[in-house]
Amino acid sequence: MDWTLLTVQLLNGLQLGILLFLLASGLTLIFGIMDVVNLAHGSLYMTGAFLCATFTQWFDSFLLGLLAALPAIAIIGLLVELIVIRRLYQRDHLDHVLATFGLILAFDTLTQMIWGPDGQVIPLPAWLDGQVMLTADIVLPTYRLAIITTGLLVAVGLFVLVTRTRLGMRIRAGATNRTMIGALGINIGMLFSIVFGMGAVLAGLAGMMIAPITEASIGMGNQIIIVAFVVIVIGGIGSIKGAFIAAILVGLIDTMGRSYLDVLFKLFMSVQNAETSAPAISAMLIYILMAVILAVRPTGLFGPRGR
Amino acid sequence: MTANALLSIVNLHKSFGGVAATKQVSLDVAKGEIHAIIGPNGAGKTTLVSQLAGVLLPDSGQILFQGNDITRMPAHRRPHLGIARSFQITSIIHDMTVLENVLLAVQAKAGHSYRFWSSSSSDASLVEPARASLEQVGLQHQASQMAGPLSHGEHRQLEMAMVLATNPALILLDEPTAGMGQEDSSRMVRTLQALKGSRTIILVEHDMNTVFTLADRITVLVEGQVIATADPDAIRSNPRVRQAYLGEELNSIPGKPHSENSITESPSAC
Amino acid sequence: MSLTTLTLRGFVTALTLVILALVPPLVNLTGNPFLIDLATRCVILAIAAVSLNLILGYGRMISFGHAAYIGIGAYAVGIPAYYEIYNGYLHILVAMAVSAVFALATGLVCLRTRGVNFIMITMAFAQMVFFTFVSIEEYGGDDGLVIEVRSEFSRFINLEDATVLYYVCFASLLVVLYLVKRIVNSRFGMVIRGTRGNELRMQSLGFDTFRYKLICYVIAGTICGFAGALLGNFTNFISPEMMDWTRSGELIFMVVLGGAGSLFGPVLGVSVFILLEEFLSGLWLYWQLVFGIFLILVVLFANGGIDSWLSGRSKRSHDS
């Protein structure tokens, strides 16, 4: 049993989970409060990464680049809400899906127009680029630990915001009863804009944090957005707690599955069969998980209870 | 359970998170009677009807229909036993025509609908009964109009036509005259009166004039519990009923029961 | 909807069908063989769109994973071909059978969910199929599978000939349109349309709406699988890309553009989409930007699609 590998993979799974949480939390809020299916969330993730790349180049510092990109992506999120999303509130989900799909096309092309077809590399500063020795044998890249730490801090911050502030109270009220909050005199328009902006920042942050590892590339949001949706479906629409638990669960299962499924299969299958089937099945694991959970609980783990 | 009872409710109980909406309700409905269920808002009338319709499952107790236990039967099987229901908030299909709406109701009882080939709207065995139901409620001239744009009263009539088209033994009516004007209400009452004896009707209503005109027996529900089940005169003079339920309203009923006078709107219950 | 009615809509429908029927002779006249390719793609995607319209337009089941059936159908041609089994009848049978089974299995899970959960889970199942084929190295994985020989039917139907392939596809489209028309007007179709309008009402009338929706879902998947088999033959190249979720999105757009819930709308939607795509991509490198904006504008301001524009009606409002 290779404990080093196991620990590394566990932490990788945790890191994926944290990133998924950043994406999923915004998505579940936007859906829970505004009832909008936002496929373009992945585009905000991508745009955040590209903005960070550019600002990092301008300021010659990753940290400054990140700090500058955050408000920038917030502004872009607010603009998107103002111009497009605002018109979708009373509409069918089908309209949401198609309109935000159109946004994806627009974003992908605009990104290509501005930054060209190639990806953008974000170099890490020396102090983040090293490694940390947890034990004598287990060595981890510093940056991954940084991602996990930052993500957990943001998660805590989000919990505090939602449970202990007035804004959070309005958000929770909105998630449970949309029509009521209007009657209570809360400015719905502004609340929605703030929520969408928050979602944009969270998504952008996720993109910014992953970009030094994977590079900012066109369409990078289009695959991960599906996984984010799987997370909110498993966790239950509108629930941040659900998004967190589901995200960690999905991150761990996906990562550990890819690493260890063939080992598991070899226990009761021939080596050859295990090696051909494991990659396929491991890719499907999170969808199988989702199907199983929905079969037992059609609204997700922490979703609104049905009848 | 009385020998003549079409429907028997035995100790039905339903709670929502600690609050009992239906508290040990027992009552019998005789075949051919119009049985009204009245009570203040929040008394649990719609909850009771929902359990009878199978949309809500009771926590305990029994519902017996024609001697069979249907307590946990799914909603979509009950119409096949002969139970039909209308909704408090009109529930028709807006983007189909009036005739198509009723056609669906007829179709539901005319064998299975796993037929993929022949056109349903040119099937006389479906269309004739559908038109007959429309005539029963007076909508036959609007048959080919889209259902959505019709007036509220016409929607309620269509809903009634759909209920009647399934040829039910028991009809559950949840506030059939809700939101209707004087003329429409009168017409609805006349339609229901014509059904007396041939069908059994459970009627949830707020409009006291309608109730006292139509009902053979009345059950009063307060906070989920039955406080009285009797004929209209007995109910009107029952002190517990007067005390529990808007005594003023009961006082405003005209002296003669089963009056043929035009129905006036009663003040809405709070 | 009758073809003999002299309405604008009827006229456009007839005209489109006539043009499609005459593509090969037109190609001979203009000497531009590319037109047949365009038309073939159009017709095949139209079959897929018509099948999607059955559940999306008439049934309001917003499946974001319909492209999975195109992929399944295509691989049903590709994988046997890989083993040098070229029997066309077998290909079609496998395409439709596997599609039906997949639709049944996924439908049993999907159709118990509502709203966004339904959209997401259909998308996720399609991704599952996508990843499955990506990871099977044997059949090309990410790089895809090349088909040397097209499906073989009788001596008289030689799919290697572009014109024959085109007419097989066009005839299939006509058959599918007729089938869907009969289904929609049948008792079954009425139940599906009623369920779209008000599911609770339908249940209280006595219909087991879950079962009806499931059967509709399976029918739609099966027809789309057939379209996939045709597409595999046409492109001679099969890759998991065919079932990427963005393909499903394009398919939905085509249906909505043409007019969801109308019989011929999907055909018009596909035609306009493909023509627009061809035209724009020739004009500007960044044509997808225009496309994306066009999509947003259609959704915001014209979401009854071409069909409602032709019949002069604004989008019918559905019960939500």
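We call the chains A, B and C, going by the order they appear; numbering starts again at 1 in every chain.
The rule is short, and it goes like this: a residue touches a chain if its C-beta (ideal position, glycine included) is under 8 Å from a C-beta of that chain, and two chains touch if they have at least 3 such contacts.
Predicted, not measured: the structure shown is a model, and the values here were computed from it.
Simply put, of A-C and B-C, more C-beta pairs touch at A-C. Comparing per-chain C-alpha centres with the mean over every protein C-alpha atom, the closest match is chain C. With centres set at the average Cα position, the gap from chain A to chain B is 50 Å. Averaged C-alpha coordinates give centres for chain A and chain C that are 31 Å from one another.
Between the CA-based centres of chain B and chain C the separation comes to 44 Å, rounded to the whole angstrom. Annotation for chain C: residues 318 touch two or more other chains.
Within chain A, contacts with two or more other chains are made by no residue at all. For chain B, residues that reach two or more other chains under the stated contact definition are 55. Chain A contributes residues 31, 37, 39, 84, 87, 92-95, 97-99, 101-110, 112-113, 222, 226, 229-230, 232-233, 237, 276, 279-280, 283-284, 287-288, 290-291, 294-295, 298-300 to its touches with chain C in the complex. If you check the complex, the residues on chain C that touch chain A are 56, 62, 64, 109, 112-117, 119-121, 123-125, 127-128, 131-132, 134-138, 245-246, 249, 252-253, 256, 260, 286, 288-289, 291-296, 298-300, 303, 318, 320. Interface residues of chain B, counted against chain C in their complex, comprise 53, 55, 75-80, 84-85, 87, 91-96, 100, 103-105, 107-109, 113-121, 123, 148, 162, 166. Residues of chain C touching chain B in their complex: 182-183, 185-191, 193-194, 197-198, 200-209, 212, 215, 316-319.
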